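The following pair of complexes shares a single chain, chain A, combined with chain B in the former and chain C in the latter.
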Partner chain A sequence: MPAQVLQALVAGLLIGSVYALLAAGFSLIWGVAHVINIAHPALAVGAAYMVYALATRGVDPMASLAIVVPLFFAVGVGFHEWVIRPAARRASELALVSMVLTFGLAAALENALAAVWGPGPRVVNVSYTGVAIRLGELALPVSHVAGALLAAVTITALYLFLYKTFPGKAVRAVWQNRDGAALCGVDLRQVTSLTYGLAVASAGVAGVALTLIYSFSPASHLTWLIFVFLVVIVGGVGSLVGAVLAGMLVGAVINLAALVIPFAWVPFLLFASLGILLLWRPTGLFRR
Partner chain B sequence: MVEVVPAMGEGHERGGRDVRLSRRQFIKIAALGGGALMVPRLLHYGAWAWAQAKPIRVGCTLPLTGPFADTGVWVERGYRYWAERTNQLGGLLGRPVELIVLDDASSADRAVSLLERLITVDRVDLILGGYPGTAAAAQMAVAERYRKVYISMGGHMASFQRGFKYSFGGPPLMGQWWYEGAWRWLANIPREQRPTRAAAITVNNPVGMAVRESMLDGLKRLGIPLVMDELYDLPLASAEPLVSRARALGADMFLANGFFPDGVLTIRAMKALDYNPKVILQGVGSLIPEWVTQLGPDGDYVVSGTAIHPKLPFPGIAELNKVARERWNLKWAPQYFLFGYAWAQLLQQAVEGAKSLNHAVLVRYMRQTTFKTIAGELRFDERGLPPPYEYATQVIKGESELIWPPGRRSAQPVYPKPPWRR
Partner chain C sequence: MSRAAVAVLVGMLLVLPWVGAREYPLALLYSTFMYAAMAVAWNIIGGFAGYLSFGHAAFFGLGGYTTGLLLVHAGLSPFLTAPVGGVVAAVFAAMTGYPCMRLRGPYFAVVTMILGLIVRALVLNFPWTGAAGGLWMPLPPWEPLAARRVFYYAMLAVFVLTVLTARAVRIGKMGVGLEAIREDEDAAQSIGVPAVRLKISALMLSAGLTGLVGGIYAYDRSYIHPDFMFDLNLSVLAVLMALLGGRQSWFGPVLGAVVVRFVDEILTIWIGTEAARIIFGLGLALVIVLLPDGLLPHLVQLRRRVPRKSAGRPVPVVRP
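After this line comes the complex of A and B, so read on.
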């Protein structure tokens, strides 16, 4: 039993860190720009297809990051400049408008992917798929470890950028007080564009990590959106640390609860806990 | 006798012999000649007239986008190929077929409202079944209300026990029969070699619960205790805890009653945890071509059931395999392509047999007739169901093979399942 608990805990933490990676960019945009980007997981699915296309040509998913990250950064900047900014100028209630707008974008992206790739599911198979690192009785799937490593590196880079660099501090300043930051000379447009670039690039990395673990299809973004919302709400909107801890918490709770209660009750436990949490701390666990 | 002289005044002599035609002979020749000249024109007119005949409108809804689109598009391709082929062969009751397929975006609610629109607004003559079981079950009630023949997979046994008169499973996708072939195959393995403990995970929805009934029934008959019986909701985030528990309980038979994405997650977890039961039953995710094309060798050796298969010897299957090869570069026709074609083929046979588009007449005809389809001979009981099917399949070397019944075998079953390849 202890070995099973340890196995469940570690596997949960590994998967949870990948959820955290997917949620981090979503949370960042929500926090900084007050935009609820429903298309965030759809962009990750887009990255997954890019990884698939490269993998069928013999390129390892890790190597595909060299294309995915800069490309998705550019997509993020373009997304802000040509989609969100014009909408923000006209909308009085940006959060609501952005939800509708990005939902439409997600649907359009899903249809575009289905038109190009077909609606069928895809699986990325690499040499380490289904291979595990064995530590005594503990078996760590290499694909999960690789996904968690990607998450750790990306989130650490985002954290260092936000807390240790001047542009990162500007992003945080806008996040905390938009008008105050503008009065201090922060270029809101530039900072917001940068935020979008980083967030969408992180969605791209999350797409790479998710392909190592899950199968995907154009409609997978709807599934992934559930995890994104769960993690962001538990962690607190706009909190990077919150997203990390919440992701790992969600992963660990799912796996550990399955050891002691029927698995069918795990989602109930998860969402009931979420309800109680929201009553206790409406801003999430880790938002100050 | 009247002499007929050609108008030009020449050519009436041949070989020096004088040729004279009677009026009657002249009329005959002129009529034949004129007729011959008219044949191409008449043929052209015939085709034109057929094309101008009021088409028979056949409507349906399918999930062409959303989570069920991966299989929905294959059903659509089956329907479309049937319509194309029917029109090439002269249509239905001598009229062209016009197929209307609406996208329900994988929503059963939308499937219901769109079917009502097809019946009441578009006024289609015939309807075809929707997909998946949730949509089909909901649409069966609509078909019954409007008294339209509805041939589909149905929504497992419960949907056929509502006393509907107009619904037929032709063939159905029946969770309750899913593993019947597998149980019969396992019953033929010497008792001492059979699995001794089973562990199961089942998706918590109507499909999963229907397949679970087949599982419980079969395990009871074979006397195999079920040591783990877990349900999960979609999306399945992680299969490791479930697989690791099955392994710890020493289950040498694993049943994964779920779809493709959760099936992939489960298989990968089994491989990573090096869990090697003697047999893995996977219903119903392994039914789609992606199980072998995408999952690769890891998808090998799973056992499942089916109602239709590209390696069955029934007339028409070979032609559909050829179509799949030519159009989509697939070695074998996908099973949902065959399902779609079979449902439409059955409707066609009913219409042509009854020589009517009157749905009450069609229902009477369908209840009295044995149909010869690509799914074999189908004869329906009062519930609209054919006798239970008992095919078992196993993925062997990247191909779905029929392993039961022995007379239909396309390959020898592999038992016990070899350890995971590294």
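After this line comes the complex of A and C, so read on.
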């Protein structure tokens, strides 16, 4: 059944692009600020609920980007200035402290969403929900393609920013060597704030893409967290290209695996492949 | 704390159920012992060795599901099988710990967190664990007050066992080795510290004790579900309590557990669950922002500043 396999592969790549976008922002924060942002998928789910609230008032998810992106950029900058910086000044082990800290924020956000919209799952319906493009035997839901395209465009924009612009190069310099970058006159505080803004804004975009592909509930950020972690471990922290490749790989593997093994065993497969990966290449597949 | 103070405290806790304590205080102390035992057990690998596990809920849940399944299918009392739960958790820890221990620092923390989440997904999907419906067990055969007393003593015993184990590890040769690993693993290995063996032993001890706690807790609930037996909250709470109290001794995590447990209880009573969870999450974030290295270093500093009446003997130096 090659058609089924192809269908699963394409579906996996489409959803994989959203994993990649989430993981890119997550690993950007990890690399530049040494903060492990457990709240990253929770922020995406928060964005999804914003899209949902706007969609019930007739705003298309794509149009809601105009609100989500600037708002989430501001949230990211504020988060760095008022939450992370005070903690970083006092903490001796920022990575550990930040995991507990951002977990607390994620839990607060999850419960706030549950308090407003209830714990049940929600879906966003748009005019093109249920419409599919047919390519031979392949059927591609328009909303999935739109979500994946959105993720792909955002990742490309991030890539161009990081590799082609001066501030982007400063971000990468801090990522590679914090002290060295500071010695060359890079303003660490500004660069870190900018990174936060971009990363959280990209989480917002991922949330918008999410509403086009999946249903979501306040607790679903935990499932997304597994995928983000997997992608980052497979791709290695410190590489945007690694995150993209790993995101596609994880998406494709999960979808293809679901064809051959019962669904209940998919987590087991993830588990086993993670163990093998750690024994074989503990620093990730795509790390330089 | 001095030896006499500890003896008096344990004595008071032992007689408490017989001097008029009703169900509620017993239940509150029971859950405090549980959290404290988890935090102290976590600290064996997280504090002493510096390997920060964010997946201890997996061990807790495995212990709970072991006793639960043994009770349902073989009719064995969880008080007998809780050690089996601990062994299952320890064996699982050894199997997963071996690949994970190749990672250090935040990588280790993140991978253990994934492990915890994946184990939860596994149990949610396997029909023989009750899957998403949860697992119903026969009720414990006691009246409510008697049951509270029984579980109070059981958890107190587990807590004391955990503290004694952690203390023995800390003051023994193993503790020295773990400290060396925490400070500089490569240097420690180069002078002959068997790092892998020590790390795996510490993780197994930590996981086994956590599994034991889970086994007792499962019997008390008599209905278990992956959502709370493998709750990420539990993993993070164990870290938080150790972090809040201080990670260098067995006493820090106990202090952290008492603080966290009582704050949580007060919030739940006064505000109700959902809003309490929001406040708890934000409060947790605030505490971490203000006191990222925990309470104990500040308390020690406070003690240093205030000259004590029995001056003359040097104040013990506790590294922050």
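Following the convention adopted for this analysis, the second predicted complex is superposed on the first by the 283 of 288 C-alpha atoms of A that agree within 3 Å, B and C clash if a C-alpha of one lies under 4 Å from a C-alpha of the other, contacts with A are read in each partner's own complex, and residues count from 1 in each chain.
Note that in this section a contact is a pair of C-beta atoms (placed from the backbone, for glycine too) under 8 Å apart; a residue touches a chain by one contact, two chains touch by 3 or more.
Since the structure is predicted, the reported quantities are computational estimates derived from the model, not experimental observations.
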{"item": "Overlay on chain A: chain C relative to chain B, clash or fit", "value": "clash"}
{"item": "First (chain B), second (chain C), both or neither touched by A:Asn111", "value": "both"}
{"item": "Touched partner set for A:Ile36, first chain B, second chain C, both or neither", "value": "second"}
{"item": "Touched partner set for A:Ser217, first chain B, second chain C, both or neither", "value": "first"}
{"item": "Chain B versus chain C as contact partner of A:Phe229, first or second or both or neither", "value": "second"}
{"item": "First (chain B), second (chain C), both or neither touched by A:Val260", "value": "neither"}
{"item": "Stretch of chain B penetrating chain C in the combined three-chain arrangement, among 1-9, 73-81, 199-207 or 217-225", "value": "199-207"}
{"item": "Footprint overlap on chain A, where chain B in one structure and chain C in the other make contact", "value": "111, 114, 222, 226, 263-264, 267"}
{"item": "Interfacial residue positions of chain C with respect to chain A in the complex", "value": "52, 54, 96, 99-100, 102-103, 105-107, 109-111, 113-115, 117-119, 121-122, 125-127, 232-233, 236, 239-240, 243, 274-275, 277-285, 288-293, 320"}
{"item": "Chain A partner contacts - residues on chain B that touch it in the complex", "value": "64-67, 69-70, 72-73, 106, 201, 204, 230-235, 237-238, 240-242, 244-245, 248, 260-261, 264-265, 267-269, 271-274, 288-290, 294-296, 298, 420, 422"}
{"item": "Touching residues on chain A, where the partner in the complex is chain C", "value": "30, 34, 36, 83, 86-87, 90-92, 94-97, 99-109, 111-112, 114-115, 222, 225-226, 229-230, 232-233, 237, 263-265, 267-268, 270-271, 274-275, 278-279, 282"}
{"item": "Chain A to chain B touching residues, read off their complex", "value": "4, 7-8, 11-12, 15, 110-111, 114, 118-123, 125, 129-132, 139, 141-144, 213-220, 222-223, 226-227, 251, 254-256, 258-259, 262-264, 266-267"}
